[in-house]
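The same subunit A turns up in both complexes below, where it pairs with subunit B and then with subunit C.
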Partner chain A sequence: MSDQLSADIVVIGSGICGLLTAQRLATQGASILVLEAGPRRERGDIVNSYRNGAYKGSWMNPYPPTAWAPHPRFQPHDNGYLVQTGPAPYPAEYIRMVGGTTWHWAAQAWRVLPNDMQIKTLYGVGRDWPINYDELEPFYYEAEVKIGVSGAPNTGSPRNKPFPMEPVAEVWAMRRFRERLAVGGYDVVSNTTARNSRPYDNRPACCGNNNCQPICPIAAQFDGGVAVEMAEAAGVKIMANCVVYQIEHDAQGRIAAVHYYDPDKNSYRVTGKTFILAANGIESPKLLLLSASDKYPNGLANSSGTVGRNLMDHPSNSLTFDVDEDFWLGRGPQSPTSINTFRDGAFRSEHAAFRLDFTNINQSRPVAEDLIKAGVYGPELQTRLRYGAARQVNVKNVLEVLPNPENRVTLSSQKDALGIPKPQVYYSFDDYTNKGMDASRLEYTHIAQLMGGTNLRYSPERAYANNQHITGTMSMGNDPGDSVVDKFGRTHDHENLFIVSTGVMPTAATCNSTLTALALAMRTAQHMHETT
Partner chain B sequence: MPFLRATNASCAAASIRARNVLFATGIAFAISTGGAAGQSSSTSDLAKQGQSLATATDCTACHTAPNGGQNFAGGYGISSPLGTIYSTNITPSKTFGIGNYSETDFARAIREGIRKDGTHLYPAMPYTSYAGLSDPDVAALYAYFMQGVPPVDVAPPKTSLPFPFNMRFSMAAWNALFLDNHRFQPDSSRSAQLNRGAYLVENLAHCDTCHTPRNFMMAEKQGRALSGGAVGSWYAPNITSDPVSGIGGWSQDELVQYLHTGNVPGKAQAAGPMAEAVEDSLQYLSNDDLQAIAAYLKASAPIRTAEAKPRNAYGIALAADSTLNNAAGDMSNGAQLYSGNCASCHQATGAGTKDGAYPQLFQNTATGAAQPTNLIAAILFGINRTVGANTAFMPAFGQGFSPVSTLSDQDVADVSNYVLQHFGNPNLTVTAQDVATVRQGGPPSALAKLGNLALPGLIALGAVLLLLILWGIFRPRHRPLPG
Partner chain C sequence: MGRNGAVIHVSSSPSTNSSPESREPDVPVSGAYDLARRSLLLGLAAAGVVLTAPQAFADTTPSRDAFLAVSKLLTGFTSLDPGLAARLYDALNTNDPKFTAGVTALATLISQQNIDPLSLQATLDGTHSDLAALPRQIVTAWYMGVVGTGDAARCIAFETDLTNIVVSDKLTPPSFCFGAYGSWTSQPV
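Right, the complex of A and B next:
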């Protein structure tokens, strides 16, 4: 291969943020090369992997890691790639592949609330963002049009223009939640999602495969695969199986090149004028730390020492119960509906805010697994499976954690197959989080009562599920002493290195992070176009 | 029928789809979807009548540019091997449209393919069909375009084909051979409905433009009316009354339903140019007119073509989805592609959904035809058909046409063969070259090949034309009324 690889802009990572930033800049005339560590696969191939896979409940199952670009996997066993050192696990399920982790997201595409961006000022906790909501609003809309978002208009995030399309048809079970919980004062609304309710941008409408995770088989929801096609249509060149292991700077601290290994560990150097790091909230800080030099002994972009710190996600607990009427979850999208009234309030000075989310995942598999595990068989299995599939429901929270510098990504002493240090995480929960969980539990109980719930099964105390919303590790801020990038995503330390990622979000808020990261990325792209 | 409009498809897709269809296109006078656009309150009754007629003639496909072009302002570039032909501005603009046309000028243009300035139109404009339009209908159309359509003072790009095809006067010779400039004459021995059907099929809605095969000079073949023809990337099937090759096995109601909705579950779904014809034109026709078309087709002269069985008579549902389990790793590429890209909607069994939203693939005219053309084209370009409030949408799978997924020519061939073997006409085999041909807009026409020979070709072309003119002078002039 040529050692003359070069482009105006070199992007590291081909997830939704990197690709759509690349697409935007390519449309404006730049030559762009995207380097992706993982392989390239087509949608149909992933669908087949799902169809033929044994672990249907694992969203990672159709995405086996490669030897050269491993990623974490926890079923059937932890593959040990993401080294855990803290009291709480951080089982991030991200995908190193062309298109990235949104291949298996549920397409929740929320805006934060204006107050989410200033919780330090308003509630004395966490930190403020360097920008306000109004500055981000036009870019939210741009991102929503790009990926086809719909949602309820009344979830607390103001908008200047209506959603580009209507939400998908209300699922029967969710309608019943809405109707019955209204009695208790709960406002159950349609989720804000990048899912087509009608043909949009040459993609079909959702037809309710109920398979959003781990793969929408028809691309009715926007995902990494669609981003790939969009970027390439704009002229972006994507190279798979290029494992970037070092970012090289010159004497002035400008980025000069990046170096990558192919799967056989041959090394290549790629030069460019501007570089965009878009390799997610764990692999990106890993790469910055890996690129330490004599001039930057703590890693690139890390004069503040905050690269990798303030690791956040949205921990969840949940309540599973049987409702008193047949719901038959599983028709329509997996995650259509939520309650948004606990996302903000004076209580945020005391405990975490949260969103409540109702699952619509078909319950046949989890119910069957539980019954078989309990030794139920024969006609009773059939009867109880039918009952559970019709009646079992689940409500969970999506809860804000505060940035804590001790929760962090570092380099492990363990190496992967190419000899690159594995990422290592330390993670823990504080009382602010735990009290938020307790507050959620009260709501779960009330909700179960209103729904005539029986057989209530709360998830274990103080054990929380992870939601793969990796935030905080390359935080944006105005002070170069406590942040990695400025308010436009440019690293404080390297004039021609930008970061687009959920990792630049200073706080996690109470909603899925992708749309916010994408809006920030569009803003970064706009800034790059104007200034570089 | 017009098929050159890029509705929601990309321009690139549309122009590629339109390649090579130069003279086979039904470029009619355009009217906006629904036939309601641009009508002023002072429009006369005659103009309103003309608006309905313009819906039947479906002018909008070519005379309104896709993706936001102004109504009837032209400028839709039809990419062809001879060069790009741009549709004209047919608004009453006095500078760039037909604002200075008298009714006589207008009639001459649509019936004879001759503009006010005396130059010839290319027969991409289906004036050979419109020649039969009655005087009152032409008057109504004229009234509509003059009174009901706002003028748009925009000049469409000029068409300039390379030599020798830039010699528009050569069309005079072509017309001498192939233009039957006579009004439709009702056949008193047939019912009013059949006469109305004949007028619609052969003239107003010009079904023949696509469904009648063309000779090497791109004129409709005499004696082969409605027996099927290639239309760019697609194939307009045999719609004669032949029970094997045509629509002889369809009921009257099925035909009407198809024309009205583009969908007869368990039988056929309109795609490509036919979907656009249903969208823009046929869904708005009166039930009487649709019944007349169906009756006329049912009564048309049967013509047997290559079909061994009716197109909707092949295949059955597969028993279960066990065939899509690749646990043993022994599935063919075609089966894996079907599993990954098709089965989520059409089901492993091929049965689609019970409500017909996703059609069954067996006993389906797209998979049981004597040509795999429409199956390949549907996979490459997808389907997007809006009738009333319902949209039938299948994503494209061809490279550069879709953000959903991209299949190579070989992959499209493999999955086509899987579908043909399991659900359709098993006697067909699709190759990657077949797919490439459809992707590029269908097989090149003989005329285009001749044109590519440039000067040597011109000499040959001139000789051929001369012979044809001589033959034309001595041949019978009236084409028989089919049926």
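Right, the complex of A and C next:
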């Protein structure tokens, strides 16, 4: 047993960043143990949970939290795990389970734009990254090859080598958006996704299950399940149901061990030479704060006081409308297409940049729900359901919020079933965000006009949906006084503690954060291999 | 087609599906019950609903027949899968012990007043609030495959719920393969 509870490298968290960092290091000869708080489940079981679930509109439906490793859940009601204290709700969703939250993503695998990494210098807002795009580019490519990314070259992010795969075949409805919006000067392009446009790495091409979220039944997109297989094939040992509750340091400030509870609250100690924290942008800062000691009364890696601060995500507003031709959204993958021209420009000194995204999610279920809510019954119900399923479309934004130290994760006085403090969040939006939202709405209106749109339904003003791209809470930076990790992901305060997470991103940019976090993680792994 | 495909029973008192012997016989009945029954038949016939009593409902009770008749009126389907009907009825009944009496009363009301499905909800909201929740429960069961609310919500059907059936010539239920890679590039016709 003692052999099992020690490794060269101990990883806390089995999401895509933790597992693929572990996989990379394992292939270079290190012994690696990954501790995951949640349970282990198989793909078929999750597919069945989706099909048999009563709340198919919630991507968390097939992933119920466990008693020992709870995660936030908001349908059918808030389970109270993520304690809210701010003026704006922050209903973050993530999965504590072997494989992590990419079990239910849309496989959006974007690179940031070079300018995204220096918005302070260029636009006087936010903060600059400690590295530039060129330094990250090779690791972007490594990550893209690893998870199988397909995409179009015209999204604004330079690349030295072609995508591993061609873009996924264009959905009819998205082709019509592209053709009709070109008249208005909009450049509609294929999304960059970890989705197979051909068989790749022993996984099949997409066959249009239109269920990327909450679970691809055939692994045609990269997800947590694939990450588990890759890591284990490289010799990584993954232990489920191990709830790490303390990181232990020695007198010199090096990390000596981590302590975890099993579901019955028996405690275990795991030693290692090097430790990687990879438990996402909320649970990771929670654990650092929770590990406070006499030597580090504000928590580990927190001499700057910024652990948990600068919480960011991508809020969205949207427009739903009926287009004037039959589109039948739901044929092909869920999120295939977007407009990238508002991601950068001089306006960033005044308002937030954004990407516009067109859904291809089957609309029949939400349309039916709306009709039943309206009390439409009989033959008219069928008629209107078919009309809505054929014609209803939606465009939304993915908008950059700026780092704000007041937006943060802290420890709640409330505790979970094991007696561990729940994470608590304070979240708010500023004028920079609101102005970007207003600019987005003008584009929606123009887009609807070009599409012959009727029955325009804007999302409520100043109430934004969340996108589960948790960033900023353990920011990287050159100055130990205002950042948690250095430009390689090593904590400033603890020589043998590294962090791989979307949480190390200093700013959120306008694209889904996973690929960038993974590229940073590959860079961290390279650095660890060279220096530890 | 069961019993000649055109017989529907309406009972003025609650009945349970656990006592099939209590079902009304196919013989003439009298009084207000008879009137309600004939009225419902006429009303549903006027709404274009073809009444059938399929095999799966061979052990039917009057409230089951009322459920099927009301379901056809509300869903706009003249033919409904009897097996699914039985499962939805049982789930609705389990979810709410008063469902049996409610659906029977709703059937009676619809037939007596010859209410059009499009005006039904407004009518109930205005003058029969005790029955107002029933149409949504029934239509949600058929179209969403879901019975119950909150933590008690249960999925009874998915691939065969009427939402997926209504669009099945164009779309597959989410999580089921649409077709070969790239089959979505063509115009839906």
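Note that in this section the second predicted complex is superposed on the first by the 528 of 532 C-alpha atoms of A that agree within 3 Å, B and C clash if a C-alpha of one lies under 4 Å from a C-alpha of the other, contacts with A are read in each partner's own complex, and residues count from 1 in each chain.
Just so we're on the same page, a residue touches a chain if its C-beta (ideal position, glycine included) is under 8 Å from a C-beta of that chain, and two chains touch if they have at least 3 such contacts.
Everything numeric here is computed off the predicted structure, so don't read it as measured data.
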item: Which partner reaches more residues of subunit A (counting touched residues only), subunit B or subunit C; value: C
item: Touched partner set for A:226, first subunit B, second subunit C, both or neither; value: first
item: Partner chain(s) touched by A:175 [first = subunit B, second = subunit C, both, neither]; value: second
item: Touching partner for A:46 - first (subunit B), second (subunit C), both, neither; value: first
item: Contacts of A:362 with subunit B and subunit C, given as first, second, both or neither; value: second
item: Which of subunit B and subunit C A:210 touches, first, second, both or neither; value: second
item: Touching partner for A:385 - first (subunit B), second (subunit C), both, neither; value: second
item: Contacts of A:202 with subunit B and subunit C, given as first, second, both or neither; value: first
item: Footprint overlap on subunit A, where subunit B in one structure and subunit C in the other make contact; value: 47, 51-52, 198, 205, 207, 209, 211, 217-218
item: Touching residues on subunit C, where the partner in the complex is subunit A; value: 47-48, 73-77, 116-118, 120-122, 125, 135-136, 139-140, 143-144, 146, 148-151, 153-155, 158-159, 163-164, 166-167, 170-172, 174-188
item: Parts of subunit B lying in touch with subunit A, wherever the complex brings them together; value: 8-10, 324-327, 336-337, 339-341, 344-345, 357-358, 382, 384, 391, 393-396, 400-407
item: Subunit C partner contacts - residues on subunit A that touch it in the complex; value: 47, 50-56, 76-77, 169-172, 175, 197-198, 205-211, 215, 217-218, 326-328, 330-332, 362, 364-365, 368-369, 372-373, 375-382, 385-386, 389-390
item: Subunit B-facing residues of subunit A, complex; value: 42-48, 51-52, 198-199, 201-205, 207, 209, 211, 217-219, 225-226, 229-230, 233
